[in-house]
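There are two complexes below, and they share subunit A, which is joined by subunit B in the first and by subunit C in the second.
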Partner chain A sequence: MYTFGIDIGSTTSKCVVLKDGTEIVSSSLFVGGIGTKSPFLAREEALKKAGITDKDISGTAATGYGRNRTEDADFNVSELSCHALGAHFIFPRVRTIIDIGGQDAKVISLSGDGKMRDFLMNDKCAAGTGRFLDVMAAILQVPVNEMEGMAQKAQKISQISSTCTVFAESEVISQLANGVEMPDLIAGICDSVAGRVASLAKRITIVPEVCMSGGVARNGGVRLAMERYLGTEIRFSEQAQLFGAIGAALYAFQKS
Partner chain B sequence: MSVKEILGRFHEIAADPKAMKDKYLSEGREIVLVNYYTPEEIVHSMGAVPMGAWGADVKINEAKKYFPTFICSIVQSAVELGMKGEYAGAKAFIIPSLCDSLKVMGQNWKVAVPSIKFIPMTYPQNRKPEYGAQFTKAGYERVISELEELGLPRFSDEKLKASLSVYEEHNRVMNEVSELMASHPEISNQERSDVFKSAFFMLKEEHTALVKELINALKEQKPGTDKLKIMTSGIICDAPDILKILDENGLQIVCDDVCTETRQYRASYKEKATALDSLVSKFCDMDQDTLLYDADKTRIDYIVEKAKKTGAKGVLLLLTKFCDPEEFDAPMIRKACEKAGLSVNIIEIDRQMVNYEQARTSIETFRDLLNG
Partner chain C sequence: MAEEQVKKHRTPPDPNSAKYKLGQIAAKAYQDAFDAKVRGEKIGWCASNFPVEIPETLGIAVVYPENQAAAIAARGFGQQMCEISEADGYSNDICAYARISLAYAKTKDCEGQQVPMPDFVLCCNNICNCMIKWYENLAKELGIPMIMIDIPFNPDYDVPESEVAYVKAQFLDAIHQLEKITGKKWSPEKYKEVMEYSGRSSRAWLAATATAKYEPSPFNGFDLLNHMAVMVTARGKKEAAEAMELLLKEYEQNHAEGKSTYRGEEKYRIMFEGIACWPYLRATSHGLKDRGINMVTTIYADAFGFIYKDFDDMCAQYCKVPNAINLEYARDKRVKLCKENKVEGLLVHTNRSCKLWSGFMPEMSRQIGEECGIPVASFDGDQADPRNFSEAQYDTRVQGLTEIMEANKEG
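Take a look at the complex of A and B:
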């Protein structure tokens, strides 16, 4: 039995085809979220990669901020519930999930059997989210995916004292004007995101294993800084950005 | 009237307080604005209509010139409404000194809305000792004197005694209807909110009569199918979008610790030498409240016990943005609830919310959490 999970976020659309609730057959990721063609394109590509059509799908679950606008979904599920399912699928011993997406950050605590036992979401603020990294990357004219590599070359991590994206933007510009090296500045930016989200995570008891999900999980600079702040290893999977879609496909399997 | 018709009447009143204000004005009644624990019984006893002024979900433009950016939107929106003439015709606004934002509000009101007199009600920090009661009484006497100066009929302790009876009965029916609504899941969270909110815009004897009609009609109605029971806590819980999201997710508010809801009806009057002393005793006996000094933080245990008693599976904490007293209590509430096996969800709200998607995600996840 094939089930389909689609995660329509604020900046990307992700799809997963799951077979019998155990095997990821295909996945896709398109830049562009709610209100773009990306959800449709991601769906088409995931089906094509799996070599199946709509008719072969027994159930579809949608998650992410665009979940309620997905007409062909049988279920709409909150992204926290899906990230919990998806992360537990990839890391069966995970107890704490830190999800940093395009416009928000969430921390989910799981019980030993993988059930969600608590969660927290960030305030309505871009600080500590992927948006913060996007804004800073634009100022520095560095592609987001190159930030990790540059951060690793840092000699002295610069301090971004403000937690507000708008104020931090002018702070970064001032530091550039003062001749701070780009790698040091980028490491400081990653550190700022990690510090902000770590303070949210500490409101929930951090129980290892800890993993990160969402697009920002791909940034090793943020992951390393997060490990420093939380004092624990952060598990990472190349599929971290797909945890929501995997969870949605699992949910559809459980309900179909 | 049927339950639906009565609830429809509550909704009309809660959704359009200006219509109620205009109705009372057309009847030749004086209006005095009140909010957090204002001694509205005094206003009532002097023949005026005490009308709640808790702001509203409006875009705040004009009032911003009087306030810093990071301040409670309840007080900001109340001043905005005042500046835009929504309270036109009201004689005065009694503003208490119970939090830093309210203190600022009083001063700003005086300048921003000069047509409606600002009457301060300064409460003591320590209300339990005898000197706290004396301080409170002196504050009430000042309010009385300012109302008399405005031309309201002279204060009489005898008339206050009669008003206390009206308010005592109102307290009783509000507590009764609150419990009764908890056993009727077919009543939506919006309808429940309307019952509480409308109380601020009606004379209490009129509201009591309508609530009694609801109680009688509900007793004849078979309760609907059970929903997931939750408790709410915070300063306000009247945003239609939040209430709708709760309804859509099958969550039923069975009890609350909300300032504009049952917190208003917890304390009653003690028998004292004068009615004014009885009124003072009510304020001094109030407890478990964010805005009232409480060194032992009894509010925390109250929430846990109330939730357990009513069968609520979780507590939804609606944290008013920039409300320091509420924010200080939040971590303690979370810990106490966790210890008691209750799930907690914290949502930040204010009077200027236009996008509820983050709140929707949070509430949906809360429902999933409660469903196990």
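Take a look at the complex of A and C:
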């Protein structure tokens, strides 16, 4: 039996085809989230890669910010619960998830069976989210995916003291003007995101194992800084961005 | 901190119902003030936790800028009023009730809720200290006197005698000043009557809100946000006491007949923390109702029930209002409400306007969640400024909360 999970986020759309609730048959990820063609394209691609059609799907669940606005799903589940179940699928021993997406950050604690027990989310401020990294990357004219490599070359992590994205922007510009090395500055930016989310995480009891999910999890600079702040190892999977869609496909399986 | 009657009658209300009567009392409070003004009497603007017994006993009509601001916000005029005071230099970080009220002091007109202009203002800082500057500025802008009662923040559970004496002296002084301003006279007999009505209203109100202990609750918690306007503005009146007693009777009757004003199946019971998000009342209440959630209790409603035996005791009660007490005491009051009303989750409004209330909520809600074994979710919003709320964010958090409550039920 095939089930389908679709995660329509603020900046990306992700899909997963699951077989019998145990095997990921295919997945897709498109830049562009709610209000774009990406959810449709992601769906088409995932089906194509799995070599199946709509008719083969026994159930579809949607998650993410666009979960209420898609007609392709039978029901929707919050991204909080989906991330919990998806992370549990990849890392069965994970009890705490730190998810940093395009416009929000969440810390989720889960039980041994992958059910969400508690969660905290950032306030409406964009600091500590993917948007903060995007803004900084644009100022520095460094692609986001190159930030990790550059951060690793840092000699002395610079300090970005403003939590406000707009203030931090001018702070970064003035540090740049003062001759701070690019790697030090980028490491400082990663550190700032990690520090902000770590202080959110500390409000929940952090039970190991801990993993990161969401797009920002791909940034090793943020991951390493987070490990430093929380004093614990952080698991990472190449599928970190798909946890929501995997969780949705698992919910679809449970309901089918 | 107080609220306003928000009318959304789909079917014509039964004129014998508590809902109708309470609506009439709240509307009449505004009309009484307009009428008094026309008669040439002096009228005031009054803070919601100022001892209403004082103007009531003196027979002075007052209106409540917090209620007015809530009504203006609920009717969609919050942003335009906020922008008027912001253009005058008030920061958008200041409480939106204050911004709306200061704007009204300037425009003297807002179709969201008209009020007569004051001849004096009555301020009491047991709610917050933002109130002092807000009222000072009203007094200065309008060139009218301000009567200020200072009630210190209470770090203990009990109110020490010295504090009661400090507050009592100010209450007496306020009475004196009001006698001078308005020419009206304090009557101990009238005070006794007001105290009795206030006691009757409060006892009935608290008993009515306590019927949420029944499962299902005989009422939709959003009803409380409407009805409490009368507790804020008119609890010392005979009609208020009678209407509150009727409300209690109706809720008891609903329970006996297995009925509720909450439409649909009550699947989950939560406590709501903070002031309502007036500009998005519909979105916030639907976000709950669509998931079968009833907001069965909120400290916000209970805050306006005052029970006391004499003048000194009344002073002590005003020293114990929710925003004037320490975190532990405030937590214990909420834990009691959660346990008595079998609450399964806590939803916290992180209200950008109200720094005092929102500031201690992350820690307090953590402690409540732990003590009661219930999940906690918070959302950003504002009681009156519509620019500080995201429906998508609200929805995700309420859904997350619901999913945990569901998982908890499954065990």
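Everything below uses one rule, namely that the second predicted complex is superposed on the first by the 256 of 256 C-alpha atoms of A that agree within 3 Å, B and C clash if a C-alpha of one lies under 4 Å from a C-alpha of the other, contacts with A are read in each partner's own complex, and residues count from 1 in each chain.
What we mean here is this: contacts are C-beta pairs under 8 Å (C-beta built on N, C-alpha and C of every residue); 3 or more make two chains touch, one makes a residue touch a chain.
A quick note: this is a predicted structure, and the numbers were derived from the prediction, not measured.
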Given the alignment on subunit A, is it a clash or a fit between subunit B and subunit C? clash
With the two structures laid over each other on chain A, which partner does A:Lys115 touch: subunit B (first), subunit C (second), both, or neither? both
Looking at the overlay, does A:Arg203 come into contact with subunit B only (first), subunit C only (second), both, or neither? both
In the superposed arrangement, does A:Leu80 touch subunit B (first), subunit C (second), both or neither? both
Using the superposition on chain A described above, determine whether A:Gln152 touches subunit B (first), subunit C (second), both, or neither. neither
Going through subunit A, the residues touched by subunit B and also by subunit C turn out to be 65, 77-81, 104, 115-119, 121, 123-124, 203
Quick one: in the complex, what on subunit C touches subunit A? 350, 362, 366, 369, 375-378, 380, 388, 390, 392-393, 395-397, 399-400, 403-404, 407
For the complex, give me every residue of subunit A touching subunit C. 65, 68, 77-81, 104, 115-119, 121, 123-124, 203
Where on subunit A is subunit B touching in the complex? 65, 77-81, 104, 115-121, 123-124, 203
Considering only the defined contacts, which subunit B positions touch subunit A in the complex? 331, 334, 338, 343-344, 346, 348, 357-358, 361-362, 364-365, 368-369, 372
